[in-house]
Every structure is written in C-alpha cells, then in structure tokens.
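Per-chain numbering from 1; labels A, B, C, D, E and F assigned in written order.
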Amino acid sequence: MKIKVINPNTTLAMTKGIEHAAKSKARPDTEILAVSPKMGPISIESYYDEYLSIVGVLDEVKNDDGADAFVIACYGDPGLQAAREVTDKPVIGIAEASLYLAATLSARFSVVTVLPRIKTMIEELVDSYGMAKRVVNVRTTPMCVIDFERDPEQGMKLLREEGKRAVEEDDAEAILLGCAGMAEFADSLEKELGVPVIDGVVAAVKMAESIVDMGKKTSKTKTYKYPEKKEYVGELKKFGSTTVPN
Amino acid sequence: MKIKVINPNTTLAMTKGIEHAAKSKARPDTEILAVSPKMGPISIESYYDEYLSIVGVLDEVKNDDGADAFVIACYGDPGLQAAREVTDKPVIGIAEASLYLAATLSARFSVVTVLPRIKTMIEELVDSYGMAKRVVNVRTTPMCVIDFERDPEQGMKLLREEGKRAVEEDDAEAILLGCAGMAEFADSLEKELGVPVIDGVVAAVKMAESIVDMGKKTSKTKTYKYPEKKEYVGELKKFGSTTVPN
Amino acid sequence: MKIKVINPNTTLAMTKGIEHAAKSKARPDTEILAVSPKMGPISIESYYDEYLSIVGVLDEVKNDDGADAFVIACYGDPGLQAAREVTDKPVIGIAEASLYLAATLSARFSVVTVLPRIKTMIEELVDSYGMAKRVVNVRTTPMCVIDFERDPEQGMKLLREEGKRAVEEDDAEAILLGCAGMAEFADSLEKELGVPVIDGVVAAVKMAESIVDMGKKTSKTKTYKYPEKKEYVGELKKFGSTTVPN
Amino acid sequence: MKIKVINPNTTLAMTKGIEHAAKSKARPDTEILAVSPKMGPISIESYYDEYLSIVGVLDEVKNDDGADAFVIACYGDPGLQAAREVTDKPVIGIAEASLYLAATLSARFSVVTVLPRIKTMIEELVDSYGMAKRVVNVRTTPMCVIDFERDPEQGMKLLREEGKRAVEEDDAEAILLGCAGMAEFADSLEKELGVPVIDGVVAAVKMAESIVDMGKKTSKTKTYKYPEKKEYVGELKKFGSTTVPN
Amino acid sequence: MKIKVINPNTTLAMTKGIEHAAKSKARPDTEILAVSPKMGPISIESYYDEYLSIVGVLDEVKNDDGADAFVIACYGDPGLQAAREVTDKPVIGIAEASLYLAATLSARFSVVTVLPRIKTMIEELVDSYGMAKRVVNVRTTPMCVIDFERDPEQGMKLLREEGKRAVEEDDAEAILLGCAGMAEFADSLEKELGVPVIDGVVAAVKMAESIVDMGKKTSKTKTYKYPEKKEYVGELKKFGSTTVPN
Amino acid sequence: MKIKVINPNTTLAMTKGIEHAAKSKARPDTEILAVSPKMGPISIESYYDEYLSIVGVLDEVKNDDGADAFVIACYGDPGLQAAREVTDKPVIGIAEASLYLAATLSARFSVVTVLPRIKTMIEELVDSYGMAKRVVNVRTTPMCVIDFERDPEQGMKLLREEGKRAVEEDDAEAILLGCAGMAEFADSLEKELGVPVIDGVVAAVKMAESIVDMGKKTSKTKTYKYPEKKEYVGELKKFGSTTVPN
C-alpha cells in the first residue's frame, strides 16, 4: 500500500521530519511518499496561508502518484473536503485523525500549537469535528512553525511548559500536537508528562492504512462528488475541466 | 465611499448582474466597483471551486483599488477570514450579511440555492455564523450557477417552486437567495411569495456602507492580524512577504 | 428617512445622550427622533425593570410618529419581538445590532455592562442571537445605569479597567458596550484599548437605515403577524383591540 | 400551605378551569388561590400579549395574599424571572414544570398548543429550559385560547388529532398540553392516546408543594436579587421604589 | 404512598443516612423504604462501580416491595433508564431531581461532589439532562464516598470550602450535593453559604410523591417498554425471561 | 498482536459471525480472539439488556487473555468507559469506531439498526461522540437481534429497504450498521446501495490495530484511573478489591 503524505507548506526540512514520523509507525509493507507542493507558503500560520496552501494540496492529490490514500499533514486540515472531491481514495487530515484517536484514549484533552493568532482557527476546526466538548483548551506558544525547526530545544521547552499547564490547569488527560512539525517531540513529551501525546501525522497514516485495508472509498453520491466540469482561467487554468475521471 | 464587490468566479456576465444589484440599493454617494479575479473558476459549485476561488479573491483584496470596504459576492463567503487578515478595511460576505439581516426581519427562514451537492457546505456555513436555529432548511435546485444566467425563466420557475415549498413546508418566514447570481429574481419572488426575499449582495453592500460610516476597522490584535511575513514559492510566489503594510 | 429611537427607560438625560450618539453617525438625511416612554422605570437593571419597560416601548411603537424604522435602545432589547408584531416597519435592538456588527470585525469579543445581577440576562440574550461561541465573556461593573450619568469619570475608569481585562484575559478582539448609556465612552475607549469598541445605538441606527434603504419590512406571515384582535382590561385597556391596521 | 395560582390573562372562566385543575391534584391541606390580574389581555397568543400580561402577573406576586408559593399559569411562563426577583417564595411556571416532569416519564415528547404563530415562542422557551433534545415537536391547532372555552368539543377533537399525529409521526412518548386552558382535556386524552398527557397547571402546583415542603426559597444572591430601588413614572408609578422588603 | 429509595451501593450506614434524609422531608403519609442491594460495590466512585451497581438496582426495582415509586439514590443515577423499562411506576434519579429543582430556584449553580475522577461522569450526566448551561462548575473534593461517613467533620470542612469557592468564583447561586451520602450536611451548609443547598435524595422523594399524587406512570409505548422477553445465562440467569408483567 | 473481541451478548452463533467479520479485514499477523461472556443476555435490545451485559464485558476485560487491545462488539458500546478503567490497553467500541470512520468518508450518514425502542439510546450515543450533526437519521427495523441470525434473507431485505430510504430520504452518503450481528450484510449492501456501508466490528478492529502499532495506552491520570480499591458484596463479590494492578 502506498500513502502519499502531503505537507501543505513548502519547507522541505519539515517534510522530511513528517516523512520520518510517518515511517516510524507505518507498517513494513506501507510505502510512505512525503511531498511538499510545488507552490505555496513555506509555513502556515494564518487563514491566509491556510487557504493559499490548498492550491498546492489539491495539485498533489490530483497528481496522485499511484497512491492508495492521502494524508494532509498540517493541523488545519487545509482543503480536506475538496481533496475528497477530486479523488475517491481516502483522504485523512491530521487534525481529525488526532482528535478521533484521542477520544478513544482519554476523556478530555488539550491541543498545543504555534502562534496565538491561530487559536480561533483551531477551535473552529475542533468544533466542526464534533469534539468541542472533549477539547478542554487550545494552547499556543509564541513560536512560529519554522522556529520549531530552527531551535528544537526551545521548542521542546515551550511544549513541555504548555503541556504541563494543560495537565495541571486544564485537567487534560492527553495532549495533541497542533502542528505537523512537532512530531519529533511526541515521545519525549509523553514520557515527561505521563499522558498520551498524540502526533496527528502518525494518527492519520494509521487511519489511512485501516481504511485501505477495509477497501473503503469516499462516498461519491452527493457532497463529495467529483467537481463539476468547468473552465478555470488565468494562473489557475490547469485546475479546470479535467477533474472528472472516466 | 468606494466599495469593491468581488465576484469570486470569473464569469463577467454574472459580475455585471452583481454590480447591477449592488448599485440598485447603494446610496448615491457610494461608488461600486464590481470585479472578477484574473484567475479561477467560472463558477463555484463545490468545495474544490470554493477553495480555489480564494486565490483570486485575496489578490483582489490586496490590490485594493482604493476601496473603503470589500464585499465577497459568493454565497460560500470564500476566503472571508483571510481577507480580513490582509486588510484592515471592513470585508463582508454575502452569506453572513443575508443571515444577520434576515434575523431582524423574521423568526425563521430558508436558504434556496443551486446544486444539491452544496447543501452540506451551506449548512456548515450557517452553523458557523450561529444561525443554525434560525435557518429551517437549505433547499437546492437542480440548476448550476451558470444555468441561472443562461435560462433565467427556468431559474425563476425553480426558485418560485422551492420558495413556495419553503413557506408552506418549512414554515419559513423569509427566503435567502443562496447564490450571488440570483439577485435579479429577488423583487419578483418577494412579490409572489409574500415574504421578504433577501439577496446577500445588497445586504452586504448596505452593511459595508454602515461600517464605513461608523469609521470601524477590522480588529488587528490577534486572529485577524496581518499575515506573518514569509516566502511563497512557485506559481504563488507573489503572495509572499509583502503583506504587512507599514 | 425618520428613525424613532426608543430609550425604554424614562431618564431624559440618558435619552439625550442616546440621541447624541444616534445623530453622530446617522446620515445627514436621516431624522433621528429619540424618545422615552411616558411610563416605566427610570433605569433598567433587572428582569423586573426590563419586562415592565416593555409597556412603554410598545406604546411608543404603536404611536409611530411617522417613523420608517424603530430602534430599541436598551441592551436587553426589551419587547423586540412584540414590537415586530405591532408594526411592519423594521425594529432593531441595540444588542442584536452590536453583536452582528462585531461578528464582522472580530473573531471573538466581550460585552462590558452594568451591575453583576444582569450577567445571566445578557448571556441568555447572546445565546438567543446565536452568538454564544463568539462572546467570550460578559463583564460587569459595580455601577448602575444612572451612575454612568452622574459620575462619567468613574464610569470611564471602570470601563477602561474591564475593557483591558477583556483584551488581556478573555483575548477579546472587540468590546461591546452593554448599556445604551455608555455610548459617549466608545471613542475614547477604542483609542485607549486598540480594539473596536462598539456602541449598540449607533450600530442599530445604521442597520435600520440599511433596511429602510433596501425597502424591506418585517415578515408578517406567522410569528410576527399583527397581534390577534382582543380586549384588554384595567389599566392596560388601551392596548386592546385596535392593533391590527387595515 | 397556600399556593397562589396566577392566570396571566383576565378571562375569569378560564381562571375557574385552572383553579379546578389545580385543586384536583393538590393535597388536601393545600389551599389554592386562583386569580386573574386586574389588568391585561383576555387571552395570550403573541409576544405582545405575553409581555403585556407580565404587568398583571407581577402585580399579583407583589400582593402576595400570604401565599407560600406562586404558579404562573400560562404556557409561556410570562414574567417568571421577574417574579423570582420580587419575592423569595418559590415561583413555578407551568411550561417548565411540565417539561421537567415529562422528562422523568418519557424519553421524548411533543407539545400541543394553540395558534401556529406561537410555535417559535414555545420552541425558544423549550430551548431555554434545556429541553430541546427531548421535545420532538411543537404542534399547533388553528384554535385560539378562548375557542377552547367556547367550543370544548371541537377543542377535544383537534387535540386528539394532533396528539395522535404526535404519537405516530413524531414518535412522541408523552404529550404536553401547551395552554393552561386545556387542563380539562388531559385525562380523556391520556386514556385515548395511551401515553402520559401532562397538564402544566397540575405539574406546577405539585412542584410548588414539594419546594415549600422542603423549605426552599429562591436564591437571592445575584440574578434574582430584589429589584434595585428606583422610581417608576406614569401609569406604572406604583411599580417603583418599594419592592425591596426589609 | 410507599416510596422505595434504593441506595445503589451496599454500605448500610450510608443507606441509613439516606433514609433519614428521605424521611425528614417526606409527607407524614409517605412510607419510605430505604434499601441497599444484596450485591455490588460498597461505594461508587468510577464508571466501573457505577455500571456494576446497576445489577443490584434493577434487582431491587423488580422486587418492588409494593412500592408506588422508586428513587435511585446515587448521584450518577445508575440504571435509571433500565429501571424505567422494568416497571411502569415512576422512577426518579437524585441527580435529575436536584438539577430540575435547582433550575427553579436559581439561575446558575455548581455541583460539589467526591473524587476528581468522576468530574467528567457528572458533566456528561448534567449535559444529558439539558442542564449544561445552568451548571457553572462541577467541583470535587479529595474525599471518597466512605470518607464522608468516617470523618464527617472533615467532610463538612471540605464541602464548606468548595461551596464558598462555588459562590465566589463560579458565581453559583445554589449548590447541589453531588453524592447521596452528603445529605446530612445540606442544612448547615445552606445556613453558612447563604444560598440554597440542594440534596438530591430529598428532591427526588418529593418529585416521586408529586408524580404518584398525579397518578402518572412511565410511558410504555417505545423507549421504556418492558424489556424484550429473553434468556439470560450464567450468574445473571435470574434476570432473564420474566420481566414482562401480564 | 492479539485483539480480544467481546460480544456482550451470550449467543455463540453471533459471536462466530463477529469473529468472521473481524478476521476478514484484520491483518495476517493479528490474532482475533472472539468471546461471549459467561453471563448475561442472549441479545441486547433495551437499556436493561445493555446495562446488565456490562457485567460480562468487564469480566472478559479483566481476564484479558493476554490481549493487546479490546473491542466491545455491540452497537451500544456497553461498559466502554468502565473497561477503559480496568485496563490500560486500548478498548474500542464498535459504535464510536464506525462513526469516526464514516466521518472521514462521507459528509452525512444514517445508522440502520434493530427494534424501534433503541432509537433514543442510539441517538444519545451518537450525541455523546459529538456526531449529532453528521448522523442524519437513526433508522430501525421491526426485527430483533436474533431474527437477523434466524432469517438472514428477511434481514437483508429490511436492511436494503431502510438503506435505500436513508440514501433517498435522508440524503445519507454512507450507512452504518447499528448491530454487530449485521456484519455479514455489509458488502452486499454496499454494492446495492452505491454508498459506503460500514460495519463497526471491522472498523473497531482496525482502529485497535492502529493504536497498538502506535504503542498508545489509555490515559490513567484521572477519568480512566484504575477503579478505587474496595469491597463488593454478594453475587458480584469477585469484582471487588483486586482491580488495581501493581
């Protein structure tokens, strides 16, 4: 089985880290293809970045590289529903996977993520997945996505601090890492905090493996039908007309 | 005052219709500039179209043409939050404007829109604006966006039928037109159905006028701060680095 | 266009302040008629005051003074739905107007109001307008309505303190003034706090202007039909039988 | 123990019926005093009637006639929270009592009430009591309140029809009578429909008895404190200043 | 009238306390039969204890001892819906009774209960009764159920502390005792805290008396029908086949 | 890896069917141990059966047979939270697994299950997992659990009928089989209906495999701590005292 893991941003070092995390828990016979789109932001820390990253995500889903399933590896799950329109193969977002998984391991949990400005964005996402009653807090750090690459030591320090506060102040019984670039910290954090620490990349890869094993495909009857055939103009011309497979 | 009304799709005939609707109720001293982006889908009838249309919407907001406020004239309000990040001038979506306005004129109302596949998308939107208890139904027609341009007579017929069902079966006390291309039908429908029929384009333009009159700007302290300064690569290169004004 | 702004309490000094606020942002061709009812409490700080103030509000709506629209200028929106029954002209409450407006300018916001006892009343109101997820806190001051008239300096001091706490502790990105008597503080507060400060009187007047421009009327098909024809007895006799216009 | 049952409307025949219902299930040592206010509408079928009836309700609570508890006998529970402010003795609304009672006897239930126009009003009430998930439908009849007095046979016929639909179409497992004037039909309906039929007057009287037995009083620390001392002007002058007991 | 009060745990001293509380406010002609099941945990402080206690609860309901109604006297209301299936006589849980009663006496309230581990369990319960908006906090103490029997002085001390915090920090206007073993502390706490303190045992007994007076039975048409006739095997054999009465 | 699949009822033929379904999609190196408890109902079709079946479920979890994870194979997920207390190994319910899985494959879906009386029970379950907005209907058949064993042809016929209605009337985009005994019908139904048909047994087994692969355990810090050490009496004596592992 081949799973294409799409890092919606275009920072290759981060894509490598995501690939590493994905492979660490994938089954031996699962091939992981981790990619960054050819276009878009080097990191995602706003609605602006998030929405614009979707262009590259959809481009990577349409050029499917023979994958059996897709993982969108950014904690906003950018473009998830549209990706489900352009293919019938399973597409899993790392936020949804981490939330559903956490709900089977703990009664209540907190998300720890990057800059304060995305708190509302994550809360809306949590709500859209029906998890508003389970997520007790969305905690942020003053670090942006790239900072975690540049200064992992400081990153670990801040995650540890917010994680502790989540456990002690929020009564969180598990911690969800709210950024694909935090995968490498999961194991150490879990040991230090004494509660499950869940990285969405791993969670989504495992969920994708399960669905492929089950032979399930995305429902194509209504909401996730292939996009209507139509023209696109200008720089997005290539996104037009050919989306419906025969 | 100058209001830039952005039709997220690239069908100029439709943009003309939107311009006409906007001007019909704008104040004499309000200048309406109705535009289509230079790139993107000719119509929006899926998450795929919706997300991809955001590129063009943000391009038009960034090139602000000296506007005092912006209206996003597609009933999915595509890119609304991101648009609020790239400018501090008010940005209003036609869905949100129509919902808030309807809530002051009636106790419960239905949305009538295009293809069945977008029903879920509209319901999620309604819920995100806190209007789930007020909207009693989202009704669809088998016509796509462009069909309403091509065959307005058939369009009016179907809107009338669904509108009647909304009033009789849903107990709707107002009808919201769930597509910017339906503006021209509003007045006739209202007369025939005997309940307020609300076109979002007009509602959003009036709301934008009000906010400009009040001298209010989008809050820039946290969620809607200007996007973080960063590089974009490939075909989206121009969306990088220069977004923060001095 | 003529907008009748009804201050549900009977303190004329406060009605003058409300009139001043309304006129400050109304369009030049909008006539503002600000009134207090002939009967009722001198201020509103309980369910008791709120419900009893409705008598005077409805009296003022029925004697419409040729107005094209009505604004109910008390942050509990007392009698709003009943007012929509007795006229087909638009009736806007200052709480609803401020909430809908704030939702277009910020992701989350707090209300700052008078005595602690009305916190629950305001929270119920917020919830009824679908804004429970957007309002992060309802903050109170130990001052009653009249105190803000008597000692505006102290009023400004307390609003500034609670406003700061809202921004710093609630992460509020806008502040809503939860009492019609606070209008005069809006501009100074906005400058000091650096976030939009929204006065409901202005918001409601602008919303009323918009709806009149659009030629919209309240839906009369079901919930807001004219009251059933019937007798009233005793001191409320005059409220009986004549409510249905021909 | 003495319970004052206040019929918010001023139709004495109806008050007699309410008294009869209240006495039928009250304990032998409970004195029932059923009254109509001296002012207000002869029946309540709109927000307008509902709000204006509160004046009379509060008048009757303030002149407490030595009662140990109060019941507000109209299915909109008009003025309930304000009544809880003006006395520390328990005040029970017939809607809330019927809903809480029904929730202990059945998993889901429907309300059957008078004119269609009050459907939204009742739904809001149900929601405010936290019962939105339990109430599967609010059904209306084309009869107004007084019609049930005038033509009880037709009243019974319509209640039977809607009750049957509730059981068969809504899967309702109990029926709540959504008008104080329907009490007399409860027993026959219950026999015919085979599900519990709950009259709010009886439910509220029993709840009031229980609370008096327990020696409980309304909490006076914050929301339901006695109204602030203040002047009222005009025809409502007597409602001012003297509300706080020593 | 005879009410069988079932303490789901098997600690007789606690059952005695519950009996005492029940009798203290029951009417003179109400016979209280307080029992512990013959099997099960000596106290209930987890989902594990809660679910296993249901066996004994159902056993006691089926052997009804001629009771006219049942009260389940543990704040998780264990087995409540199943009990409603095996009898048509009213069955009341102490959590539900305390919540509905509190809602008539105060606008918002907190529950104070035993060990922190059951906080989520109680919150889910509160939500299932529709009271999530009324309950402002569920507070726990480090004491387990039996500790309150063993060291009532320390129990009172901790309840007083948490009760004070509820009033001061949560703005709670009433306190609900979240364990049947706390009944004895209710009166002293109420005096000290100055807000209603509600013991569920008393609340449930009074609610049961009311329903019996009204002659109401549990609805048997669908959800609470008698259990389907079937075999049970092994140690639970006796729970099989005979449940449907003729 | 060894997964113990517990069929909460004691009908061995059904357990065999569940085993077959579990093995059909399990990975080659996953050992499936399917068991029925030694005690309890032969089928589960009420709260009564559901609660009583928990005794056997917990017994099977405590005697863990060296399993790495557990699946509770009844669509009410009986005893799920308690099972998470008595072990730190993952425990997955088939309802939760099917719901989370369905949410990644379709926008909205319906559950089809056995007798009408359990509709409310399933709706409460769906709500507790945060899926109330995704599940558009819970459909029932007049067949009980055992009937599906006895007359599979009739079972298939009724599932097909309700499935079709779900697709056509509810706009369901996937069907969830609401009973572990329906697993065998999943593939044929999926082919006939043209939408994903999801059997919870398979979904739960795959989810359990994933979590074991990830090395995750249930959080033991608060809600799911091991049960408190204590005595149990009577027929449940063996459930006491020894639950906390060293």
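Heads up, the rule we're going with is that a contact is a pair of C-beta atoms (placed from the backbone, for glycine too) under 8 Å apart; a residue touches a chain by one contact, two chains touch by 3 or more.
Keep in mind it's a predicted model, so treat the numbers as computed, not measured.
Between the CA-based centres of chain D and chain E the separation comes to 28 Å, rounded to the whole angstrom.
Looking at chain F, residues 81, 107-108, 116, 119-120, 133, 171, 222-223 sit in touch with two or more other chains. Contact topology of the protein chains: irregular, matching none of line, ring, star or complete. Of all possible chain pairs, those that touch are A-B, A-C, A-E, A-F, B-C, B-D, B-F, C-D, C-E, D-E, D-F, E-F.
Interface residues of chain C facing chain B in the complex, by the touch rule stated above, are 25, 27, 81, 90-92, 96, 100-101, 103-108, 129-134, 167, 171, 173-174, 194-196, 198, 202-203, 206-207, 209-211, 213-219, 221-224.
Chain E meets chain A in the complex at residues 116, 119-120, 127. By the touch rule above, chain D contacts chain F in their complex via residues 107-108, 133, 171.
Residues of chain A touching chain B in their complex: 10, 37-43, 45-52, 54-56, 58, 79, 81-82, 84-86, 115-117, 119-121, 124, 128, 144, 222-223, 225, 227-228, 230-237, 239-240, 243.
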